[in-house]
Every structure is written in structure tokens, then in C-alpha cells.
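In what follows, a structure is listed as C-alpha cells, so that the remarks can point back to it.
Chain naming follows the written order as A, B and C, and within any one chain the residues start at number 1.
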Amino acid sequence: MLFSDIASHLKLELVGEDVEIDSMNELSLSSPSQLSFAVHKRYANELNFSKAKAFLITNALIEHLPKGSSYIVCEDVSISMAEATKLFHKKPIEPHLGDAVVGEECYIDSMAKIEKGAVIGSNVTIMAGAYIGTNVVVGSNTVVYPNVTIYRDSVIGSECIIHAGTVIGADGFGFSHTKEGRHIKIYQNGNVIIEDDVEIGANCAIDRAVFNSTIIRRGTKLDNFIHIAHNCDIGEYSIFVAQTGVGGSTKLGRNCVVSGQSAFSDHLEIAPFSTFTARSGVTKSIDKSGGVYSGFPLMNHRDWKRLQVRIAKLNE
Amino acid sequence: MLFSDIASHLKLELVGEDVEIDSMNELSLSSPSQLSFAVHKRYANELNFSKAKAFLITNALIEHLPKGSSYIVCEDVSISMAEATKLFHKKPIEPHLGDAVVGEECYIDSMAKIEKGAVIGSNVTIMAGAYIGTNVVVGSNTVVYPNVTIYRDSVIGSECIIHAGTVIGADGFGFSHTKEGRHIKIYQNGNVIIEDDVEIGANCAIDRAVFNSTIIRRGTKLDNFIHIAHNCDIGEYSIFVAQTGVGGSTKLGRNCVVSGQSAFSDHLEIAPFSTFTARSGVTKSIDKSGGVYSGFPLMNHRDWKRLQVRIAKLNE
Amino acid sequence: MLFSDIASHLKLELVGEDVEIDSMNELSLSSPSQLSFAVHKRYANELNFSKAKAFLITNALIEHLPKGSSYIVCEDVSISMAEATKLFHKKPIEPHLGDAVVGEECYIDSMAKIEKGAVIGSNVTIMAGAYIGTNVVVGSNTVVYPNVTIYRDSVIGSECIIHAGTVIGADGFGFSHTKEGRHIKIYQNGNVIIEDDVEIGANCAIDRAVFNSTIIRRGTKLDNFIHIAHNCDIGEYSIFVAQTGVGGSTKLGRNCVVSGQSAFSDHLEIAPFSTFTARSGVTKSIDKSGGVYSGFPLMNHRDWKRLQVRIAKLNE
């Protein structure tokens, strides 16, 4: 798509050379063929070093553009960005693609749906009511239980087990907000990658990334009702007990253990080998690996235990 | 159905004229063709002003009946009411109804199920494994992802997006309790109304009303795992982050923002433009609009932040 | 299977007579045809009284074996036990079994999947997208709403209602952990038993037992998003409000009431007629019946209410 077409869609003016755009991305991850955007002055430095050549920006940020950039000045970059994502949104169904390719020794139930362009490895089991979306890849020896939904473009590893009712690749929860209080959808044009040897319990939801990928790394095990938001990166061999949620873009290192009903805010970085007891509420990043944490607000587990004793004494 | 038939079913005696009854409702919302009920003396005044002509009541409430009422005196009104709801329960399947009507330019997957009597607008996408129940209405341009279940009589607006695994219109959680501790189902004979431009994440559950409707109003956006109980009314342009629950009959004003893992008790009224931070536990109504709240028990967000500091000091 | 075959699979040495093994079980529940295991010295006494004849044990426990036992000494019993469970895992599909048997007056939607060996009572409703696994039993008059998944070997009672999206019998969350931090699946070879007159809300998950059964007893009612882990035993006529979770092997007595977003640790025993207010976090067993509890850590409801007042005063 030409940058000028995007400008037309936004009813805004393009400054600089017209360029071919294949997708969108955040400043620090953009390639030259991607449209990027800067919503706030605090991104001035990132803007300066971005590899993108086309930007949606505010007037105040023009001076920080890399030399030779093309750009559109927006009154509200956040809204224009959301409107632009719609142009790159792929339809859920693509009837013109080639038939799915299915490996040897698979069991695909006649009541499962495999969309066009999917690639299924060998010895895969896909049970009744499961949905394998357009261009999804499923690795060998993986079992997909009934009524699982895997949205388009997701990549599922080998030796995975995905229990019934789980949804992989639904849209992340992203909106820009107008002054009048309406919410403009930011189309979620990334995907989900589940690495090998991952088991996902019943009725989980792992959202697709807005750009790039939400990742669940090798050997991680999720219990039931786990919510993983868009753009999370869950480290290898982690454990999530039931009813836990992880906010958008949060990254956990390997071998974290997260007990039931815990939650993480968005945009955190959690050191590997961190352990969280039940109902931990994690709102800050954790640098040091190997800690054990509890509570909301979060604290060291020992402090939390001692604090509960002190709190109980208030009743004496 | 005749009121005398209901009396027979309950094995109780009808006092007054026999009347034709088409459904049931609570005292203040009843029309003359509806059966209503009063379980407790505190409803004496509502009973007095009810437009219903047929009632299930206790002996003590006879004097508060509107003139000319027909009534059944029940030993346990709550149990009799539950038993009566069964008589008005509609079967999930109605094979005698006319075929569903589907608008132009729709994509309806051959593995989706559309029950009789449904009406689908134009340019609607209904993907594999989705279930559209009897008499459901779906507005134009709406997308229903795989394995969504929409129970009978639900009304879905235009420009909506409903993500995989979500259940709309399952029975609200209502029971009357016998003295021996058994639970008698109160059949949930209302429906769900989702207005236009609503997006609902993966694996949500929005229960049908016991009488009347559960309503999600225009432009509201729900993340994954949102629980909306029977008879809730969720205001326009509200935002619910993941794993949040709203108890029965609670009403939120427009543009509320509810962060992750929060919950609301039943029968609350929440002022518009209220914001709730993560894990808020709301047990009382809120009159004043525009506040920011936290904690369980709930308090102003600033007080909660200060309180956390004070609590942490107990450990010194 | 011969115990010697299990030894070969584990690449470990069998001591004693070879015996025929039909399944696995914990020490105190084993029959003579079951393989059992003892991972720790604290099980010495249970080992002594086990009825099993074949064991996976540590070197230190040999002296506590019942006379005439056969056994395999394992470096890591927990890992060997997990590896052995794989040998007893049943495939999700068994095409050689006989056709399902369906009672009179049933409505089975053509888009529901009934696997081989299932037995459906009379007057059962099974709606589109529901999945009834291999050898599942469904009692008479039960209603299974769309997109419910019932895994193989589950037993569902009569007069039950199972709402859409619910998953019954998915694998419990059980793993043994290697020293390098990998997680070895403990195959969940038990089942789920739902007794009569149980109603289960939308998008619940009730996991199958590792050995034996997860049980939901007669007359119990679950709201939406209830998580019941493997080997739980939920007493008769209990009530679970939305978004509640119960950890593995926890047993609740009859007529417990559990309010929204509460949770129970694993391996607890809860006395009958216990009531838990919203967000209770239960980490210890309860002996005395009839109590009302709140908070996390849990305390008597009255104490909790008083404590909240005292905590709020910290802000003065």
C-alpha cells in the first residue's frame, strides 16, 4: 500500500516522498517498509533512531524525524494510528488460498474446521469442533482438543497439548479514545507463536499481538482460564496456575512460577526464576532473578507473611 | 396460560378471577398480563402500586394487594415463584419456526449452526462452530468468531465483534432454596441485548435476564473472561479489562472504566465516568460521577494508595 | 501390562516377581492390580499398609514395603511416576468401540459429536457443537448446551444442565519437575463424575482426576467461570458463584456456599455448611461446620469486617 493511500484514508496530508508500506510497527522495531508513529514527546529519541521511513506524528515531533522521512502530521496520532491499522487488517477467511496441507498419520475429525493455507505436521490430532484458522501452522504430535479456536496466522509448535475451549489469537484489547469518549479499535495485525512442548489448559485465552507476536516459549505449562494479553513474551518452562492474567507486552523470563488468581500489569519485565504465590498482583518490573513474591501491592513473600500477622494484630 | 393452570401446577389455591398470563415479572415492572410476586413485607408498597393483576404472595401481604387482584397465597413465595418460572421456560429448539433469514453479502460458514427464526443482517460473518440460537437477531457488519454461542432470543447489534468461545444468553444464576437446603431453579426467561459497536473478547459470559433483558450498551468494549450476570445494564462506551465480574442487576453508567480482576456485587448503581483500578471490589452503589476507586473494601484511589503505604509501615 | 514392561519403559530394574498391572493409584487407594509409588519418607507408613503389590520407590523406603512386594528403585520417583502414567493414558479417540447408545426422546443436533462407546439416557438434549467423548455416560433429562466439551470417560447424571463453553474432564494440571527445570506431564488417567441435578454455568472447567475421580455431588450449582481442579470432591447442594477456583484434591462438605472470585488451595477438607464471602482465599482445612468466612488470609467474617474498619483507621 502507498503511504499516500493511507493519507487519503486518514484525510490528512502526506509530507515527503511517497513510499510503499507493507505493515505497521512501533518505532524501535520498524523496518524501512513499515509505517510507524510517535504519539508523545517522550518518544523523540526513539523516533530519531527508528528505521522506518514513514511516520504518523505530532507537529512538535517533526524536528526529531530521521533525515529523509515521509510523514503525516496528525491532530491526534493515537486515533490516526488506530484508523491506519484497519487498512492492514486481514480478513478472517481467505477462500482463494490453497488447501491446507496435512502431514502423515494425523487424525482430523470431520467436524473440525481447517481453513485454507493451514499447514499441519505429522501425527497431529485435531478433534471435533476445533477451528484451525487461515495460514495456521501446527507442529507434529500436537493434540488440539474439541472446541479450541486458533485464529489465523498463529504458529503452534510440536508436542503441544491444547485443551478444549481455549482461544489462541483473538484480538488483543487495544483502542484509541476520542475526546467524546468513543473507543476506536486498534486492529491487531500480529499473531501468536506457541513454541514446542507447551500445554495449555481448558478455556484459556492468548491474544494475538497488535504488531509482531505474542510468544509462549518452549516447555511452558498453563492451567485453566489463563489470560495472556497481546504482545506478551512468556519465558521457557514457566508454570501458570489457574485464573491468572498477564497484561499487554509484559515479558517473563524462563522458569517463572505463577500461582492461582495472580495478575501482572502491562509493560513489565520479570526476571527468570521468579515465583509468585497465589493472588500476587505484580505492578512493577523485577530485575533480580530467583525471588519469591506475594500480595498486592507485591512484596517479598517473607515480608508479606510477617505483614499478615501484623495486620491481624490490629484486631486485638 | 391461565392463572388457574399455574395454581394447579403449584398445587395451591387461586383466589379471585382467573386471568390470562403471558409471562412473569417483578412487581414494579409488571404489566397487567404478567404474574408477579412479593416474597417479603418490605415489598408491601411496591405491591400496592404494581400493574400486575395476578400475584404469588404471603398471607401477610394480602392487605397490600391492589384492588381486584387475583392471587395465590404461598407458604414459601420464593419456591412457588421458582416453580412457576418453569412454566414459562422456552425450549432451546423450536423446529416449527420458519427458516432463519440471512441478509446480503454474509459469510456463514457451513459448520456454523443457525437455528430457526434467527434474523441475520447484511455483511455479517459467522464462522465455523458458532451457534446462533432460535429467534436471535444479529445486526449488519457484525463478526461472530468460531465457537461463540448465542442463546435463543438474544439481540446483537450492528458493527459488533464477538470473539471465540464467548457465551451470550446462558441462564443467569438464580435459585430458590428449600428449608432442606436444595436449590430450585428460577428459569431465566429474559434475554440479552447487545447494542451496536460493542466488542466482546474471548471466552466471556453474558447471562440472560431472569425477566426482561441484560443490556450491554453501544460502544462498550469487553476484554477476555468478563462475567456479566443476569439483568445487568452496562452503560455506553464502558471498558472492562480481563477477568472482571459484575453481579446480577447491577447497572453502570456510561464511560466507566473497570480494570482487570475487579468485581461488583449485585443490585448496585454506579455513576457514569467512574474508574476502577485493578482488583477493585465494589459492594456499594456510587452516586457521584467521575471518581477513581481502588481496593476491597473500595475507597478513593488516593486513599487506597496512601493506605498501602501505611499498611506497609506495619512491617517496620 | 506387565510390571516388567513398565521397568523397561523406565529403563530401571524390577526387583521381585513380575505382576500384571492394570492402572496406577496412590498408596492408600491402590488395589493389588495397581502400580503405586512413594516419593518421600513421610509416606513410609502408608506404604506399609498399601494393598498394591508393585511400587516405584526410593532406596530409603525399601524396608517399609509390604512383604512380597515387587518394586523398582528410582533415582527420582516423581519423574518415574510421571513417565509411567503415560503408559496408561487412553487415546482420545477409539474407533473400534461400538456405536454410542442413545435413549428415547432425545434431541441430538446433527452438529453435535458423539464419540463411540457413549451412552445417552432418555429425553436428553445435546445441542450443536457439543462434544460427548468416548465412553461418556449422560443421564436422562440432561441438557448439554452448544460448544460444551465432555472428555472421554466422564459420567454425567440425570436432570443436569451444562451451559455453553463448559469443559468437563480436561487434564488436571500435574507435572513432575526435572532438576533442569523441565516439566514432565503426569497423565491424568482418572475421570469426572457429575451427579444428578447439577447445573454448571457457562465456560466452566472441571478437570479429570489423575487417578480415580473428580466428583461434583448431587444438587450442586456452579455459576460461570468456575475452575474445579483434579480430584476435587464437591459436596451435595453446594453453591459456587462466578470466577471461583478450587485447587487439586480439595474436598468440600455439603451445602457450602462460595461467593465470587474465591479460591481454595489444594488438599483441603472443608466442613459442610461453610459459607465464604466474596474473594475468600482459603488455605487451611476447616473442621467445624456452619462457619462464615472472609478474606485472604481467611478469618471469621465478623473478624474480617472489624479488621477492615481497623485497617481503614490507619489512614486517619
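The criterion applied here is as follows: contacts are C-beta pairs under 8 Å (C-beta built on N, C-alpha and C of every residue); 3 or more make two chains touch, one makes a residue touch a chain.
Note that the structure is predicted; figures quoted are calculated from it, not measured.
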Review point. Hey, what angle do you get rotating chain B onto chain C on C-alpha, to the nearest 5 degrees?
Key: 120
Point to revise | Same or different contact residues where chain B meets its copy chain A, judged by the half mark | key: different
Exercise for review: Return the distance between the CA-based centres of chain A and chain B, expressed in whole Å.
Suggested key: 32
**Study point:** Two or more partner chains touched - positions in chain A
**Key:** 111, 129, 147, 165, 203, 225, 243, 261, 311, 314
Review point. Across the complex, what residues on chain C touch chain A?
Key: 92-93, 111, 113, 129, 131, 147, 149, 151, 165-167, 170-171, 173, 175, 181-183, 185, 203-205, 207, 225, 227, 229, 243, 245, 247, 261, 263, 265, 281, 283, 296-297, 299, 303, 306-307, 310-311, 314
Review point. Okay, in this complex, where on chain A does chain C touch?
Key: 107, 109, 111, 125, 127-129, 143, 145-147, 161, 163-165, 199, 201-203, 219, 221, 223-225, 237, 239, 241-243, 254-255, 260-261, 278-279, 308, 311-312, 314-315
